[in-house]
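Presented sequentially are two complexes of chain A, the first with chain B as partner and the second with chain C.
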Partner chain A sequence: MKLQVTQENLNRALGSVARVANTRNTLPILANVLIKTSNNRLSLSATNLDIAITHYIGAKVSDEGSITVPARLMQDFINSLPDGVINLQLDDSKLKIKTDQYQSTVNGIAADDFPVMPAITTGESWTVSASTLKKGLQQVVFAASNDETRPVLTAVLLHTSGGELRMAATDSYRLAEKNIGKNNNDIHLLIPASAMHDLLRILGDGTDDVHITHDDQQVLFQVGDVELVTRLVDGKYPDYQKLIPTSFSTEATLKRADLVNVTKVSSLFARESAGSVTIELSEENQTLSIRSVASQLGENTAEATAKVSGEGSITLNSKYLLDALSVLSSDEVIFSFNGKLEATLLREADNKDYNHIIMPLKG
Partner chain B sequence: MKLQVTQENLNRALGSVARVANTRNTLPILANVLIKTSNNRLSLSATNLDIAITHYIGAKVSDEGSITVPARLMQDFINSLPDGVINLQLDDSKLKIKTDQYQSTVNGIAADDFPVMPAITTGESWTVSASTLKKGLQQVVFAASNDETRPVLTAVLLHTSGGELRMAATDSYRLAEKNIGKNNNDIHLLIPASAMHDLLRILGDGTDDVHITHDDQQVLFQVGDVELVTRLVDGKYPDYQKLIPTSFSTEATLKRADLVNVTKVSSLFARESAGSVTIELSEENQTLSIRSVASQLGENTAEATAKVSGEGSITLNSKYLLDALSVLSSDEVIFSFNGKLEATLLREADNKDYNHIIMPLKG
Partner chain C sequence: MQKDSLWQAVLGEIELSVSRGNYVTYFKNTRLLKYDAATATIGVPNVFLRGTLERKYAGLIRETLLKNGIAPTSLEFTVSSAPKSNRDKEEEADEVVFIPSVSAAPQTAGAPAPNQASPNQGGMTGMPRPASGPMSAPGSGMGGLSHSYRQGINERYTFDNFIVGSGNELAFAACQSIAQQPGRKYNPLFLYGGVGIGKTHLIQAVGNAVLAQNPRARVLYVTTEQFVQEFVDALRFRKTADFAAHYRTADVLIVDDVQFIAGKEKMQEEFFHTFNALHQANCQIILSSDKPPKEIPTLEDRLRSRFAWGMSIDMQIPDFETRCAIVQTKAQTHNVVLNNEVVEYLANSVTTNIRELEGALNQLLAFCEMRGLEPSLSIVSSVISAAKTRPKHLSAKQIIERTARHFQVPIEDMLGPKRDKDIVVPRQIAMYMLRSELHLSFPKIARELGRKDHTTAIHSVEKIEKESKLDADLRSTLSEIKERLYA
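Now for the complex of A and B:
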């Protein structure tokens, strides 16, 4: 293997793939990135056996070949080099990296030992715009669970329902659902949230379309020169749509920034009580007030002006409230509930595509 | 106690003092900040028994009084409030904090229980410009040791020698010394490096003079409306000046940015070897080259153009080299040594006020 690439391209490709490589894995080669020529392209790949990412870049290839090298060292090293041409040459299992000023030898492991994800040979295929997919994922993915004892809840559900493509995630304390547009396919995919975090990183600020292909076991996302394959989660996702309330006894519409501020201040006094804050809506005063009590430290009440219909109070985890508010993008938000014991709904005032539900705490 | 202050002033004062308060202390009141009126001023103080900081701000005082309240909660809370007037009122040991939108009650502990640092009644006094003191501390303080088993090395030495005021710090692997100007007093103070970190924070971008007063036990720094008192370290500081070499067999002058870059890249390959890199100067090629070897991962050689006199190589800890380079402010730096076993000296090419010594590793 012998070739020339630009530092910019090699650095970008390592930035896409290296994070999937993992030194904590029991298989040492999984800490490596696979570098492989193919005509005048170079592919860089990394995998943790659940997720695999490949990034293709242009290269001036003199001799074809392939090798795997430690991903983190390679990424840090190439990232520290100045702009310009980098010469790569393989000598047995040693990769020689040369620029005007720098000469390095990185010890590799033969490419034959690198695990290959099975290809998706047959399967449905469709397209989503990168910006729509990115916005939707950002609003949904954090609501997935980290608890590996209930694997389905660690997934993001991507599915069609009523001719619309929807994403949903829940950890059973909160639930986020986003409608990302019309789609007439029959889709029902449980995609690991961790893979969706990697996809978000790859989507970056790109404006390309994303091509999605799946079979029963895996799904492939193709964005520009990058491919991400992930296994699907097996299991039955809860029928979440019936959990989203549709009518409310109590509702407030207010500036998102105001609700963020009063919640942040209140949350300071809620550290002892696992984030618990009580929100009270007053139709008479047209206010939303939020109260927190720290038995040792003191207490706090904060108030914001709101358009309120109905009266009532509900106790929530302020962290979940702040998480949800941070992904709503409208100036005004609608906060609705039915009594102390039922789910609250947060929405954007000017857009019904996104629903965020938070379950109440016992007040 | 009843008064009004602006959010801006109260926030600034809490920013100065709160970090000294410490919840890990065995004495719960040391996690608190002391708030005390005095005519139309309010003082905020915190102490960890070694260091005490007091910040004075203007206030509209209706009733005099004092109380201590949890420093971290108070700082986070006041910092989250919007600009404007804050009303403080004491009700038994409860501090009521009120703005248009927010009402809080913070539980306090009576001010009588707050430890008071002994005052410096007699002692020498002199003045240094804040910018000179800040620059000097930044170049010196990180070289002090964290090892509490040799207390004198955890201090910064501030002393006069030959009519000049000098600062020095060493952890026995490296040594930094800065000359900060003429001074005819007889000064020899061992000041805890931790107190100097706090002083750096207080100095900020201020241009005030710093008034320094000391007795045998303590030293007081007064900067604008802030006072910092710290105990002094007891012990005999090593006679470091004789460790600074004055003539060299091998010397390179080169761009600081170049030396930073080649050292950073080399250090990536030095992770396995505790940062060890070998620097070689070539008079023939007029180059400085730096080499690192990671037995498992590979190796790297990087080269920079330099004005070189003499030949030779030396092995150093790349972390210490990068630390030193990050506080040199000149475009060009001078790197000098006498063979493999003696200390290297780093200096600014245009300024002889700062000496940085690094001891070699066994190559």
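Now for the complex of A and C:
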């Protein structure tokens, strides 16, 4: 293998794949990145056997070939090189990296030992715009659980319902659901949330379409020159739609910034009580007041004006409330609930695409 | 069953010919789903492994299958989850509780900490406790959250499959009454006894029984090693408050192998506070150890006295009848019926440790299954004697020395003419041990201990045999000496 590639391209490609490679695995080669020439392009791949990312970059290839080298070392090294052309040459299992100023040799492991990347040969294929997907993921993924004892909840559900593509995640204390537009395919995918974090990273600020292909075990996302394949989570996702309340006894519409402020202040006094804050809506005063008590420190009450219908109070975890508010993008938000023990719904005032549910705390 | 053992044999061979990392990554969780003359179908846990197995290891698998007598014309790999996760899936389908709910008020009435942490994070991230559950999916009443507190409890250990014998009936009864009313009686319960006699089984059974009655009870089972590790992590990440809150809100705290806390001062202090918090809130504490509290070295006095506060129970090595019952019950769980000869042989060949007894049984069953034989006395004697753990170096002299050391009498006195009571009993025990462990003849035993008459030896062995049936102290002395001998 012998080729020339720009530092910028190589660095970008390593940036998107190297994170997947990790050294904690039992199989040493999984800490490596696979560098391979194909059709006058260079592909870099890494996998942890749950997900695999491949990034294609342009290169001037003189001799075809492939090798795997330690991902971290390679990334750190290439990252610290100046802009310019880098020469890569393979000599046995040693990769020689050469620029005007630097020369180094990295010991690799033969590419034959690298796991065979799964290929999706048959399966449905569809596209979605990168910006929509990114927005949706940002609003949903964080709600997924990281408790491995219930694997389905560590996944993000991507499914079609009523001709619309929806994304949902829950850790059983809160639930986020986003409608990301029309789609006529029949889709039901349980994608590990960790893979979705990687996808978010790859999506960057791109505006292209994302091509998605899936069969019943894996799903492939193609974003420009990057491909991400992940296994799907096996299991039955709870029928979450039943759990989103549709009518409410109490509802408030108010400025998002106001609610964020009062919640933040209140959460300072809620550290001792696992973030527990009590929100009270008053129709008479048209206010939302929020109260937290720290038995040692004191207590706090804050108020914000709001358009309120119905009376009532509810106790929530302020961390969950702030998480939800930070991903709502409208100026005004709607905060609604049915009594002390039932789910609270947060959504944007100007559209119904995003639903965020938080379970109350026992008061 | 047959294809599983065939696949085990295949994997065993493959393990030797590929690197450890490759084996663990690619082969460990595979299964042979079915095979006939045409195809063998191999279940792979993950789609990422399939490609590599197909392209790189198909040849090796085919070769190894051939060696084990089957030669399918083609190999197929399909992604299928392990049987275990299949079971999980079914459970989930039944009881997926979507937003789970905890309504049971904590029994720790006085404890203010509402911090309920998920188990695998060891209390590092505080999870709030959701209110009672209008959000649970229809038809699923039970809280899924009890999972979080089912830490470390293995559902296999129940009272039903615990075999009660003379050595453990007190412990069993105490545990059962605790399971009915945690925190009311015998708090703390301190179980101690040698290796592999069922301490862990019993204390886990309490956890399971409590959970069966009240699925929302917060039952925490930790080994001391785990407790220490989590504490160290908590110190490192400055989360000691979370750590304390996690443990101090348990309804039942079960700590296994508590003797390992010896010598860890800071740890003992933390444990002391946890202990006090729980004990004051009338929450049940169950401890197990291989020694009684007063014999754990470098244990702080305040802990020592607290450990012995409730009830300390010595678990004894099971007697012959109990061991027979154990063998029979274990065989039944494997759907095998053993005849009495075999059972008695097994119960006789492993006397000190139930775990080893189970091991011997498993060995026998595996041997018979692989060769398609019925277990019989001749098979069991050939299998077990081959594996019998009697160290060859054990000599009569060592037994006498060990016995003398145990009673702290000079070995010369043991061999000499003295007939004081404190010499005679150790001497008799030594004779008994020579007979039971080395199967020496009576005249030989008499000679070893400097006696002229072999009837002395006969009398001694019989006496100890008889007394050990009646006297628990003597039994524990015997087993202690034995344990040291084989340690």
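In this section, the second predicted complex is superposed on the first by the 363 of 363 C-alpha atoms of A that agree within 3 Å, B and C clash if a C-alpha of one lies under 4 Å from a C-alpha of the other, contacts with A are read in each partner's own complex, and residues count from 1 in each chain.
Criterion: a contact is a pair of C-beta atoms (placed from the backbone, for glycine too) under 8 Å apart; a residue touches a chain by one contact, two chains touch by 3 or more.
These numbers were taken from a predicted model, which means no experiment stands behind them.
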Touching partner for A:Asp92 - first (chain B), second (chain C), both, neither: neither
Touching partner for A:Asp186 - first (chain B), second (chain C), both, neither: neither
Contacts of A:Asp205 with chain B and chain C, given as first, second, both or neither: neither
Touching partner for A:Asn107 - first (chain B), second (chain C), both, neither: first
First (chain B), second (chain C), both or neither touched by A:Asp147: second
Partner chain in contact with A:Glu303 - chain B first, chain C second, else both or neither: first
First (chain B), second (chain C), both or neither touched by A:Glu284: neither
Contact breadth on chain A, by residue count: chain C or chain B: C
Partner chain(s) touched by A:Asn261 [first = chain B, second = chain C, both, neither]: first
Chain C to chain A touching residues, read off their complex: 20-22, 24-25, 46-52, 54-56, 79, 81, 85, 88-89, 92-93, 96-103, 112, 114-116, 118-120, 126-135, 137-138, 144-145, 147-148
Footprint of chain A on chain B - complex, ascending: 70, 73, 76-77, 80-82, 94-95, 101-107, 261-262, 264-265, 268-269, 294, 296-304
List of chain A residues in touch with chain C within their complex: 25-30, 47, 49-50, 52, 112, 115-119, 147-152, 170, 172-173, 175, 217-218, 231, 234-236, 238-240, 242-243, 273-276, 295, 315, 317, 320, 340-343, 357, 359-363
